[in-house]
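In the part that follows, the structures are each spelled out as structure tokens.
One chain, subunit A, appears in both complexes that follow, with subunit B as partner in the first and subunit C in the second.
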Partner chain A sequence: MNGVLESFASPEIRYALVAPLLIVLGGGVLSVLVEAFVPRESRRTVQLFLVTAVLLASFIWVVRLAGTNELAAEGTIAIDGPGLFMQGSILLVAMVSALLIAERHVDPAGDAFASQASALPGSVDEKAFTQQGWLQTEVWPLFLFCVGGMMLFTTANDLLTMFVALEVMSLPLYLMSGMARRRRLLSQEAAMKYFLLGAYSSGFFVFGAAMLYGFSGTISFPGIVEAMAADPGNNGLLIAAIGLLFVGLLFKIGAVPFHQWTPDVYQGAPTPATAFMAAGVKIAAFGGLLRLTYVALGGLRWDWRPLMWGVAIATMLTGAIVALTQNDIKRMLAYSAIANTGFMLIGVLSTNPSGLSSTMFYLLVYGFTTIGAFAIVSLVRDPTGEATKLSQWAGLGKTSPLIAGAFTILLLAFAGIPLTSGFTSKFAVFSAGIEGGATPVVIVGVFASAIAAFFYVRVIVLMFFTERAEDAPAVVVPSSLTAVAIGVTVAVTVILGVLPQSVLDLADKASTFIR
Partner chain B sequence: MNWLLILLLVPAIGAVVVALLPKNSPELAKQVALGFSIATLVLVIAMALQFDAQSTEPFQFVTSTPWIESFGISFALGVDGIALVLVAMAAILVPVVILAGWNEADHSDAPTKGYFALMLALEVCMIGVFSAIDVFLFYVFFEAMLIPVYFLIGRYGGARRSYAAVKFLIVSLFGGLFMLASLIGLYVVSQREFGAGTFDFGALTQLGMDSTTQRMLFLGFFFAFAVKAPLWPVHTWLPDAATEAQPGSAVLLVGVLDKVGTFGMLRYCLQIFPEASQFYTPLIIVMSLIGIIYGALLAIGQTDIKRLIAYTSISHFGFITLGIFVLTSQGQSGSTLYMVNHGFSTAALFLVAGFLMSRRGSKLVDDYGGVHKVAPLLAGFFLIAGLSSLALPGMSSFVSEFLVLVGTYVRYPLVAVIATTGIILASLYILWLYQRTMTGPLKPGCEDIKDLTGREVVAVAPLVALIIGLGVFPAPALDVINPAVDQTLAVVGVGDPPVGVTADCDFADGCREEGEGQ
Partner chain C sequence: MTTDLLASATPTITYAPPEGVFTYIWVLIALPLIGAAVLLSFGRRTDSWGHYLATALPIGSFILAIMMWLGLLARPSEDRGIIQHLWDWVFVGNFTANVGLQIDQLSLTFVLLITGVGSLIHIYSIGYMKDDPKRRLFFAYLNLFVAAMLLLVLADNYLLLYVGWEGVGLASYLLIGFWQYKPSAAVAAKKAFVVNRVGDFGLSVAIMAIFVSFGTVTFPEVFAQAGESSEGTLTWIGLLLLLAACGKSAQFPLQSWLLDAMEGPTPVSALIHAATMVTAGVYLIARSNPIFDGAPTAQTVVIAIGAITLIFGAIIGLAKDEIKKVLAGSTMSQIGYMVLAAGLGPIGYVFAIFHLVNHGFFKANMFLGAGSVMHSFNNQENMRRFGGIRTVMVVTYITFAAGWLAIMGVPPFSGFYSKDKIIEAAFDHSWAAGLAAMIGAGITAFYMTRLFTMTFLGKKRWTDDVHPHESPPVMTIPLILLGIASLASGFLLAWNGAIEKWLEPVVGFQHPEPPIPIPVISGATLALVILGAVLAYQQYRREVPLTAPTSVSPLTVAARKDLYGDAFNEAVFMRPGQYLTRALVWFDNRSIDGAVVAMGSATAGLSNRLRKWQTGYSRSYALSMLAGAFLLFVALLVVRL
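This part shows the complex of A and B:
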């Protein structure tokens, strides 16, 4: 008995290092309890207070940890520069997204989420719930768990932790996608697609992880690196493992050929959830991809880089070209997200510190820009809900110059026009790509941005220079929540376009993984 | 504090101040705008007096602050002789245009003060674009200029203003994107060569690019500049934009803004891509020749006075581009001087034509006739402006056109001969225009045309003085321009052909040696 106890050393968690994560996940648990025990009328207040406190506290802790370069929880979690930078980014975009999720003045029926997500669309139940004016707050625990999963994903230092993080992040997202108040069938279809494809891709990820374990006998990234160094010849299993792991991660970032879900889900999900997903998942999944490729598979970069070249080129071109043909604003933004994923992949495949720092910078600024864009989409409405048909946006610049102007700035940032953050970030990944010897990919990238510029400019022309459509939607005046979100995202987009040096420096300083 | 920084700040502050003035006092806005533009002009003159034409430094009044260090971008300003005369031209034209266009914005739906605030904002961009010596900063000003011009045309222009403004904006943006792509390419090349990427113009001229890269990147820049200039066949936006714009904005558009295109060719295309420039020379010369003759022929056929003037400019831009790309010192000096002279003579033409049109309320040539009987002063100014446009000896344009043709002749005699037909056509379109509108019997409807007011005379008189002054005594301008041109040619590595004027021989020889050395 004594012998057993002595041989059992309790795991050393190092709570100070993982505190940001624990705060968010603990907040999620509390949030569930709030749903269960707090009376309906005061739930929203309590939830908002809780979410604000949790995100702020976690962010402050992340900032306090800046400069840390250590392993926590027995080496399963790496708290290093890139991990903290991306945790911070996730928390920032989560704060802005939370403003959108909390908005209750845009939809006349309440908020963007279904009164009762379990009620069948079109059923008597649904009508009853809607007429009674039910408003749910169950999105908040999902939101917090999702943020926690994202934060874990960027710091996971072994395959199993990464997989768990992947699921913690994804499951709430599947649910959130299906909770739209309007066009519920579309929303549920989106959730179903996202769930099925996501489950498959998780399956691939697990297979890959198992094979990699079979090869190296360990799941920890440093251990895998050692195993590879010890056995440089045995490649078959390894290549298969890498391929399968990449399928799982490329699905999450929405890279071609695993991008098919993006437009459907972006279109179907409630817009605040789309905004959160578009920004947050991108950061988290790229965080995981970067750590896997730079740390665990860094030694094999000559094997996976050609693959990544192909994926990046296909992603940029597909995103840019298919976006040209879209006539729904949310689908267009989805394809724009795909194209941007391609640009970020250039940073990944350049496999150098500037590739890492430029991708991190790109993720942060892209997150803000994309949330701003979806926030504006949520404001342009006709009687049936959001007016997402592109033709309905004609002449918006004449009736709502302010909103159209803000959207123009965000579109110019997507297009990578100088003096917006989009230019800075694209420039950074392109020059990192060249430095890393990926010149052909960068040339395709410049070409793809030129194509992409057309459909962004097309929307601007549509808003400002086209006559107003018959079924022209109105711009709803939001509460200060959405207004603040739009203001912040536009300000970040402009400021990081004009004076990006300090954030670039921060990303540079943070660009070393612990190994 | 640096001269150029002050030059950017004064009109910028002016634009903000004018924009903040109360809406209901348009006269105050005009006066304040005029004050700021004159203050800018005084500063430019003071700066020009300190400019040392003999200096061996490539740029003077240089100031440089790191901007985005990670990408080697700095906020760097400085002028050489070429940039100096163009900045001076812009600074002279803005007060002239404000004074001449005193009432242009009065009948618009948009507030009057906006018109003048935009003009000052445009002046900031114009000074910035000519004095940037960081290629990225140049690009930013290059694109930023579109915004005030878009609003000047789109809000204060004529009946088809929104069509013209959109066409202008889209075409220019499209051209700019090509330049942006080349810009990134250039940065990448510099990164490879110097270790750290840079946008510093001086450093970029030292790049040793292979010829394929050069030719690709050259095209991006050249396309953007050709659209801006505009060169045939990408000129179609100019007649629309110039016709729909108020005369004052048309002056700034054609007189200054379009010079950015030719200035960019001279500064950036030639010096950063010397080998590619020589490779494309035949093509560009042919485009210029077509532009000269095509523009002139179309000008002859126009029935709308402003459209006619716009087409004459396309012809003149052909001359300017020709002079730049024949790669001789006379040609380039001529072209630079031409940019300035064309600015003044087109300004005079547009403004006097604008005075005329505002009196009769028609843009059509056929509606006028015998105007000199009722408005001799107006007719006189119109004739002088026209004669300057057709390059009569004694007018400043003559000097520049002559230099361009001489510079062309020493290298491509046949091209010079063809280009000369442009002069003949010029006398046709100008004199015929004058004949139809000013001479002959007084057309009905023209009886009430009043002669120029004191304000209008004061606005146009400086232009006429400059046109004649620089025609008789171009030395002050040429003294400033020539060293800069010599430097440009030295960077390109091309010397004048040996038949040149004896005084130029020393330079030419020295230059050729340097060219062979590379």
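This part shows the complex of A and C:
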């Protein structure tokens, strides 16, 4: 009896280092309790208060930890520069997304989420719930768990933690995708697709993790590095492991050929959830990919770099070219997200510190820009909900110059026009790519940007220089929540376009992984 | 004759970091800039007090400039250069430019002129623009102009000078078109802007050439190397700088905008288009003196341009009936004198600046006087409907008379001291330049006397609806001060060679030694002036037709049409430009667009193909993921092999 107790050493968690994570996940648990015990009428107030407090507290803690370079929880979590930078970025985009999720003035029937997500679309139940004006707050615990999962994903330092984080992050997202108040069938189809394909890709990831364990005998990244150093020979297990792990991660970031879920899910999911997903998942998944490729598989970069070249080129070109013929604004933004994934991959495959810092910078600024774009999409509405058909956006600049102007700035940022953050970030990854010897990919990137610029500018032309259509939608005046979100995102887009240096320096300082 | 021994043809000044009052050089610019910012950003809330603020700020700058002047006087003349480095501005590759301000005798002379005359014109405008609904905006633009002009003369490098150069161009554009509801004003503003672009293009290319040749754009560094550079390089840079000066200072062949610019409110004409901005070209040449001193060919061109313009402007002044257009022609002509003097090298720089200062006083005086007349004549400006005003507007009459005598060069008025020196220096260079300058003086006397007689003397030819009256004190006090300056600035500055000694360390100085004795030149000039004045007086003191006669000599017709300046511009610049753009559009439509459209439709076709891949079925997505995974393995294996 005694012997067992003595041999059981309690794990050293180092709570101070993982506190930001614990705050968010603990907040998620509290949030579930709030759903269960707080009376319906005060639930929303309590939830909003809780979410705000949790995100702020966690962010302040992350800022306090800045400069830390240590392992926590027995080496399973790495609190280092990139990890903290991306945790901070995730919290920032989560704060802005939370404003959109909390919005209740845009849809006359309430918020963007279903009054009762479990009711069958089109059923009598659903009608009844809608008529009674039910509003749910169940999205908040999901949101907090998802944020927690994302934060864990960027700092996971072994394969198992990474997998757990992947699922903690993904499962709430599957649910959130299916909760749209309008066009519920489309939303549920999106959720189903996302779940099926996500599970499928997780399978690849687990297989890959198992094989990597089979090769190295350990799941921790430093252990894997050691094992590879000890056995640098040609090992089939290793090759299989890399391939399978990459499938899982490339699916999450939405790289070609694992991108096909993106447009369907972006289109179907409730727009605030899409915004959160587009910004947050991108940061988290790239965080995991960067850690895996730079730390665990850094020694094998000559093996996986050519593959990454191909993926980056295919992603940039597919995203840019297919976006050309889209006629739905949300799908167009989804393809733009795919193209941008390709640009960010240039930062990954340049495998140098500037590649790391430029990717992190890109992720942050892209997160803000994309949330702003989806926020504006949620404002342009006709009686059936959001007017996402591009043709309906014609002449918007004449009736709502302010909204059309803000959207123009964001589109110019997507296109990478100077004086917007999109230019600085693209410039940063391109120069990192050239420095890392990936000049051909950068050249393709420049071409893809040129193609992409066409459809961004097309929307601007549509808004400002085309006559207004008959069935033109109206722009809803939002509450201050969405207005603040749009204001912040546009401001960040412009400020980081004009004065990016301080944030670039911060990313530079944070660009060393703990090994 | 000790000054002779001391006089040096090349600059001897050295520059040091600021101390004491000179640490506030930036405040000179900041004050009017704050005014513009406050008036523009707080909008209508400043309507009631904005013009007082906007007037007080340039006065503040003027007081500060006086303090700096006293500070400079306390130093030995070679140590009167101060450069204040504010911050690093542009650093790209090996190109660096700082935001730095430079005070020396030359720039401080300009600062005093700009803030002094500028303040008086601000005060005058309080009365002149009293009933204008957009008075606040007017003062905001005036302050913006003063700030930009101060930046232009205080910059310690060409790039920052360019910022000020464009800034005054912008302010000039805004103010010429201030009454934009008048189509003529809008067109005039556009014309001024477009014509100035030609000159600005010269300046930008000059700056590039300077950087390529010297590796820097900072004045002291450029000038230190100018002596080692080849004459060809200096000639090109000099000619480009001259092009810039021609645009800004309305010199031939870019003179056409200045006459139209009289569409702006009269205080604008006084401040921008007489006293300050249009002299920026002279400043540029005088400031770049080491470049021009090494490029005799460029100097010859400068002299030629100056001589042509001084005659040209005078001829235009002869034929115009609108009082402000006559003054505009005379401005061109007087700046022609300055440019000519600046082209003479160390003999002339000092006199160019001397005349510039005097001209700033007497021309601002006359423009404001003309404004005062127009103010009481319901904004009429046709001199054929004036006449006999001397009895009803006594202050305006007397002060205008001081300006009139000054511009003709009648001793002891200011113009005599500077213009006479320029004519002497021109004779030192060549007979042609000297004669042009001398004949110009005669024509000046004629047209200015014509203006003066038609406006103030003779019989009343007023329209029935005007009841002229003297302007309020807020307008007449600036007139009186400028009138006194028109009288006194000449002999005060020429006293014991004060202006030569003051400017010589910056621009160098040599005494002119004309081939004929100086008293002969002075005497002949004065005789010509008196002849011109008497002829004009005799002709215009009697009957003046109420409408301009139509059967006149071809020269008069030409002069009325600004000596075909616009026709020249249209034929030489506009038409070829239009043909070029048409040809380019045709080429673009035929070939480039074709290629672009073809590429675009090819991409769109590809897009439509790729779209089909997106079936919407999870099963086919899963299949393509599987295929993708397979490809990944293949790629990994291929690399391994």
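Simple rule for what comes next: the second predicted complex is superposed on the first by the 514 of 515 C-alpha atoms of A that agree within 3 Å, B and C clash if a C-alpha of one lies under 4 Å from a C-alpha of the other, contacts with A are read in each partner's own complex, and residues count from 1 in each chain.
Following the convention adopted for this analysis, a residue touches a chain if its C-beta (ideal position, glycine included) is under 8 Å from a C-beta of that chain, and two chains touch if they have at least 3 such contacts.
Just so we're clear, the structure is a prediction, and the values are computed from it rather than from any experiment.
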{"item": "First, second, both or neither for A:Leu22, with subunit B first and subunit C second", "value": "neither"}
{"item": "Touching partner for A:Val38 - first (subunit B), second (subunit C), both, neither", "value": "neither"}
{"item": "First, second, both or neither for A:Val446, with subunit B first and subunit C second", "value": "first"}
{"item": "Which of subunit B and subunit C A:Thr424 touches, first, second, both or neither", "value": "first"}
{"item": "Touching partner for A:Met192 - first (subunit B), second (subunit C), both, neither", "value": "second"}
{"item": "Contacts on subunit A seen with subunit B and repeated with subunit C across the two complexes", "value": "none"}
{"item": "Residues of subunit C that touch subunit A when the two form their complex", "value": "600, 603-604, 606-608, 610-611, 613-614, 616, 618, 621-622, 624-625, 627-629, 631-633, 635-640"}
{"item": "Residues on subunit A engaged by subunit B in the complex (per definition of touch)", "value": "417-419, 424, 427-428, 430-431, 434-435, 439, 442, 446-447, 450, 453, 457, 461, 465, 499-501, 504-505, 508"}
{"item": "List of subunit B residues in touch with subunit A within their complex", "value": "67-71, 136, 139-140, 143, 162, 166, 170, 173, 177-178, 180-181, 184-185, 187-188, 191-192, 197"}
{"item": "Subunit A - residues contacting subunit C, complex", "value": "192-193, 196-197, 200-201, 204, 234, 239-240, 242-244, 246-247, 251, 256-258, 260-261, 263-264, 302-304, 306-307, 310, 318, 321-325, 451, 454"}
